[in-house]
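The following blocks contain the structures, represented as structure tokens.
The following pair of complexes shares a single chain, subunit A, combined with subunit B in the former and subunit C in the latter.
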Partner chain A sequence: MKIKISLLKILFRQILPVTLIALPIGCLYVLFTRDVLSWRNPWIALFVLVHSITIAVLSGRYRSRAFAFLYTRGFTRDELWFHKMLNTILSVMVVWLPMALIVWLPVRSYVQDKLFISPYFPLMMIREAQVPWFWLAGYAILLPLFHYVWIRRAQPLRGANGAVFLSIGVVIVIATLMSFRWHTLWFRILIYMLSAVMIVTSLIAGRILHRNLEVQ
Partner chain B sequence: MNIQLILGFIPLVLLLLVFLVAGFISRRRNQPASAPKGNKVTRITETTILFSLGLIAFIYFGCFNSGLLLHLGRLRPAFTTTHIIIAGIVIVFLLLAALLSWIGRASWAVVLTIVVLFGYSTIIKQAAFNGPGYFMTLLAPENSWEPMVNYTFEVNDGLKGAEIWINGVFLGKTPFKMTGREFHKKVPFLTEPPQGFSEENKNRPKGDWFRMNMLVLEENNDRSGAGIYYLSKYEDYYAKLRLGDEWGSNGIGSSGGGGVQYQRDYEVSLRAHFSSTDKLEKAKQERFENLLQKARLADYQVESQWIETVDTYGENGWRDILRLATDEKEFSDILDKWAQWKYDISKNMSQEQASKIFRQICKQANLESHAGKAIELIYDKLDLEDLVKKYERVIKNKTRQNTPDSISVMRHAIELWDKKLNSEDANIPNIIEQRISPALLVWREDIEGSAALGGADIERYLQRGFQRENRVSGLELQPKNREYTLGMHLNKSLYHLAFMDSPAARQFRQKHKQQVMELTELIVGSNFNNSRKPPEFLFFDLDRGEKSLAYQYWPSYSVHVESSFPPWWYEKLKKRWTYLARLGSLATEDMYIHCWKIAEFRPELMGGYLLQALQALHALPQDKKIPITKEIIKELQGIADQKRQKLGLDKNARHYFTEDECVDTAREHLIQAGDKESLQLLLSKHGQGQNNFAIRRIKRFFQNENMPDYSLIEILAQHENPALRVLALEAIRRYPTAQNRAILEELLNDPDEQVRTAAQQVASELKAIENMPLEDLVSEPKGS
Partner chain C sequence: MNNCAIRTENLSRDYGKFRALDNMNLNIEKGRVVALLGPNGAGKTTFLRLLMGLLEPTLGSSFVLQNPSRALSKSVISKTGYMGDMDEPPPWSTIRQLMDVQADVSPGFNRDYFIQSMKKRELELNKTYGSLSKGQKKWVRAGLVLAGMPDVLLLDEPAEGLDPSARKDLYGQIRDYVTDNDTTAIVATHIIGDIERIADDVAIINHGHLITYADLEDLREQVREVQLGEIETLPELGEEIEVLGSKNSDGARIIWIKCPEDAQQKLEQILGEKVVMWTVSLETFYLALTEHNSNKQDVGLKEIEK
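Up next is the complex of A and B:
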């Protein structure tokens, strides 16, 4: 499928406000937080959750006039779905990549080391280097599911709240797993595998259901 | 009441609110009632997600979050069944939820899943001290949650066929095991000792019975508070042992062990004398002694066959020789040879061979005896880069569950390398300090381990930590800045920097002397350190002379010793002298004497205690040890003379006061320290006749485990009294070193016949040992 830059631009414009808010918040937090970042950091987890919800909500306002306008411009449903997913990736990357680069380059380490004379830096830089991947994994699990939620809600079918409850369940399970540090290797592998199943299922189902979307 | 269930719903409610505000959840029905409840795609998707989610949460709660599904084999069968039934019910509900989702009721399915899983978590949650939770006590059969107790009974370190009787009940013949419930069913608890138990001597009763400490479970039932939990406690039981027809005498017994949550393994170890086994044990000990004598007679140059023979004595043999090596350094070389033989280590071995041995020891994962020594012999042949890389990998990947057993072996090799590199040049950062020390800090947050290896990273980490938080102790310190030790919350950075032995840490201690001294005060004065052991770091900068921490802290330390335990005067004196001995040349003789003067010496406690205190002076150089002891002798003699004067006795009268005995003890100490003058004094005063006072005293030295000083034997061998020359032969017989054998050669031509005969006897005894075939000296000879 060919990427349509103009469509992508229109879609990105919808998400731009939240990106402009999330980007500085995320970067400033990563730059200035004094504790060592870990995959269990609750504030970053909350940030990823709220950012994901906002992206999904802004992409899926299927009752809005702008939404209806876009869906009557001659794009196929698959094209629209594909560009929405692409736009989501772009929106995440615009926020996630600078945050990750601050950790990796290592801007954060330099600031913490030289400005704050932190005991942890530059020592902990190597440990923090893997943390952005967990943030990305958070986006990867939540966003396909949240996109599925709005697509499911726009179907001529009942029981849409079930998908919402399901996404709440996912968030609760992630939060529960984050409360414990020492997951065994086999359990971690199981989590990765089942997460992959959930992501793939949400994406495939989202794409299929998107074809029957009811634009109001 | 467990509030986890309620707490678990708080995030759910919050998220529902967020989703409601975000418009994800509609308050009104979107679709007409006639619309279908989802289609095939939605059903498959939602059921798949729900199933995945439920599975992760179920495994997490059931196996890790206080769940016991991975430990069912360790529980009592009834408790296992309860756990399985509850898990089975949960699975049924989860399947029901999946079914609900499949028919388009995903909302209800999610609510059901969450309620069931949080309910499950609440039910199986353990109470305090890993006891069963409140709900489990309602659901499981009474007492099924009691930990499984397994007793292993052992007599005389593995003696087979010994009968064990406890509280009058015959339990079985060794070796045997028994569960706690079997034991308590069979053995009654006695409030009074059984008939025939002797209280005459509690430690070594004369009768067959002996009292023993038995570890048993104690149930604490506090259902309104901490719940039910189990602790281990000791109870008095009365045991007797029989081997064949003989009851064991002088029995003793104890038990120990521990375990996890629902399983305790206790080992009951009993000992008693049996004439039959005693004879065997004695013969074995004699064989071992003869083996050692052969080594001495060979000037410690032992052949591989000797090593093969000593190897039959295993760990005990190793430990015995290690103990001997403190006095006879040559035995240390023998231990090296033993380890070399055990692991086929050669002096010019290649790196590859060393790596092979290292891998073998890593596989064994046991650093006891030979293995630890073997690592010491080969570590510098190992590829350091490779070793560091492997250890780094282990540190990075290590989690609580998959710590490789070989980690201690690797750590030992790393520490040896670090020591070697530091001894070459402590100022050049080495690879261990650059890579292992930071890795321990980064991946394991092991500050202690990192600080032990040292390096710029850990030093900077701690110094910056101290810059951020410089208070010495207290609960007001943030948890991440605290080090809980000796019952106190100390500043973590300060604590570890103080204990580090590096140039930077040394500078730190100088710069922040006040805080370091404050920390020292807390450590020394802690109720958990009632022996008042001084921290090691005090002695790291003795080269700074009177500015050193240890020197400056001495007055405070001396004051603290007053409140130390045990409270006896000689223990306090010993502590003070030990501290001064560690000060080395900074401690003057006056300081030692001052300690003696403030020691509240109580002569009625006899001289034996004084000898214990005087042992603290062993570490001192001769030129200090001897004058100090002589000064003390002078003091004691002064007290005794004053007493004599009061009673109107002659100064030289042998009216024996306890002070006089203390003087003799102190002289004994001097003689043992190799003071020829004291020995000559003893011999000139009391060395006349066959069984004189001096002989009795000196015999006492020889009965000690330690090898007597060569000069002492030499003086005795040259003394004019033949009885003393015979005494020298006794020492030579026990320690036939090359030097002592030279004295023996001279005594074989002694003008006195009694001495000559004794010398010939010793010589022939030694010759017989020398000619003993090694195969007769193995631990368990064939046919024994």
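Up next is the complex of A and C:
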């Protein structure tokens, strides 16, 4: 599907403020926090959660009226969905990539070593290198789910709140899993598989809802 | 059938238990401009949204340029200029961004036409949509629709809320476009005076029912308003004279009839007194059907299914 820059610009404008706010917060935290970063870091988990919720809420804020307008200009429902997802990815990348680069380049290691004379750095740099991928996984799990929930919640249908409870349940499960020690390989594989199934299901369900309900 | 730009078959739509549109059968030939009239809540917006595929019909189907509404191809959507009553561009988008978006999807988009149209109203392209007045918003949306050079226009209350001068300008622009481009158009409104100048046909709906679909000229020739004396009940007027509606006014009874040429003579014979009869405006006819005859379901002057 061809990317329409004009459409992307209009859609991105609604999540631009949250992207611009999230970017310095995320980068400054990653740069200056003295704790060794782990995928269990609750502050970054909270950051990813809030950022994801805000993206879903804001990009669905003018849902039906704006989408109906854009649809009647000549964009297909699939094009609108594709650009909405592209927009989400763009917002995540604008925030996540600089945060990851701070870890990988290694700006963080340098700042911690030289500025704070931390005993962990640069030794911990290698251990932290894989952590940004977990942040990205967090976005990948949460965003399709929240998009689905928000489209569902915005419709005057029975059971709309059920989707909200579902997402709360998923967040609680993720928070619980983060406190586990994942020693066994089968457990890790199971969680990865369940996450993949959830991402795909949320994406499909969100797209179906978008086609049938969001553009009307 | 191939000459049909818009076709609906038993088109119905429910909102819960409420039937907003009931069994609508309509064939609109290419190049016709149809005034879709009806009071608020009559089903006009639902009808246009069903045509655009924004709503799924509960029953029946509709076609635009031979394409089913729920699966309009990209090319058909870009040939269809829709100006809805319930959809709006995002308020933060600038007029220029909206122009770019429209140009991206409408291969024949005429930028010069759009820019000239904005200049007429002294609208700068870098203004955001949200900062415009209601009239300016309507003007921008109409400009976008018309500059896309559509073959079919579906306009839902295009001039609602505009002052008389802006309304005149807007309808003037629409009239020029449809005349120059031989466009098929449906203009839904309840402001009749404006549409009378550009419409070829008139479709009147009320409570979700299509009451009339008629050629405007035929309607002007055939429908008469008749002032009768003080009568309690209307006598049987025979098969040739069809009563469309009636009301009491200052003790006298006024009726609207669809009649043959010699109706006056026949009426005077039946009633045994002299009657005064005159032609009616579209507005009077519309009121006769929607206000003074709410029980009447179908008084079609033209075969609804051609």
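As a convention for this text, the second predicted complex is superposed on the first by the 195 of 216 C-alpha atoms of A that agree within 3 Å, B and C clash if a C-alpha of one lies under 4 Å from a C-alpha of the other, contacts with A are read in each partner's own complex, and residues count from 1 in each chain.
Basically, a residue touches a chain if its C-beta (ideal position, glycine included) is under 8 Å from a C-beta of that chain, and two chains touch if they have at least 3 such contacts.
What you see is a predicted model; the values in this text were computed from it and never measured.
Enquirer: Examine A:M124 and indicate which partner it touches, taking first as subunit B and second as subunit C; both and neither are also allowed.
Expert: First partner only.
Enquirer: After lining up the shared chain so the two structures overlap, which partner does A:T176 touch, if you call subunit B first and subunit C second: first, second, both or neither?
Expert: first
Enquirer: Does the superposition put A:L166 against subunit B (first), subunit C (second), both, or neither?
Expert: First partner only, subunit B.
Enquirer: Taking the superposition as given, does A:K4 touch the first partner, subunit B, the second, subunit C, both, or neither?
Expert: Only subunit C; A:K4 stays clear of subunit B.
Enquirer: For A:R73, select first, second, both or neither according to whether it touches subunit B, subunit C, the two together, or no partner.
Expert: A:R73: touches subunit C, not subunit B.
Enquirer: Can you check the complex and tell me which residues of subunit B touch subunit A?
Expert: Listed in rising order, the residues are 8, 11-12, 15-16, 18-19, 22-26, 29-31, 33, 35-39, 41-42, 44-46, 48-50, 52-53, 55-57, 59-60, 63-65, 101, 104-111, 113-114, 399-402, 438, 441-443, 457, 460-465, 467-468, 493.
Enquirer: Can you check the complex and tell me which residues of subunit C touch subunit A?
Expert: Within the complex, subunit C contacts subunit A at residues 49, 52, 54-56, 74, 77-78, 80, 82, 84, 86-93, 97-98, 100-106, 144, 148.
Enquirer: Touching subunit B in the complex: which residues of subunit A?
Expert: Residues in contact with subunit B: 53-54, 57, 61, 117-120, 123-124, 126-127, 145, 148-150, 152-153, 155-173, 175-177, 180, 182-185, 187, 190-191, 194-195, 197-198, 201-202, 204-205, 208-209.
Enquirer: Taking the touch rule as given, give the residues of subunit A at its contact with subunit C in the complex, in rising order.
Expert: Result: residues 4, 6-7, 9-10, 13-14, 62, 64-66, 68-76, 212, 215-216 of subunit A touch subunit C.
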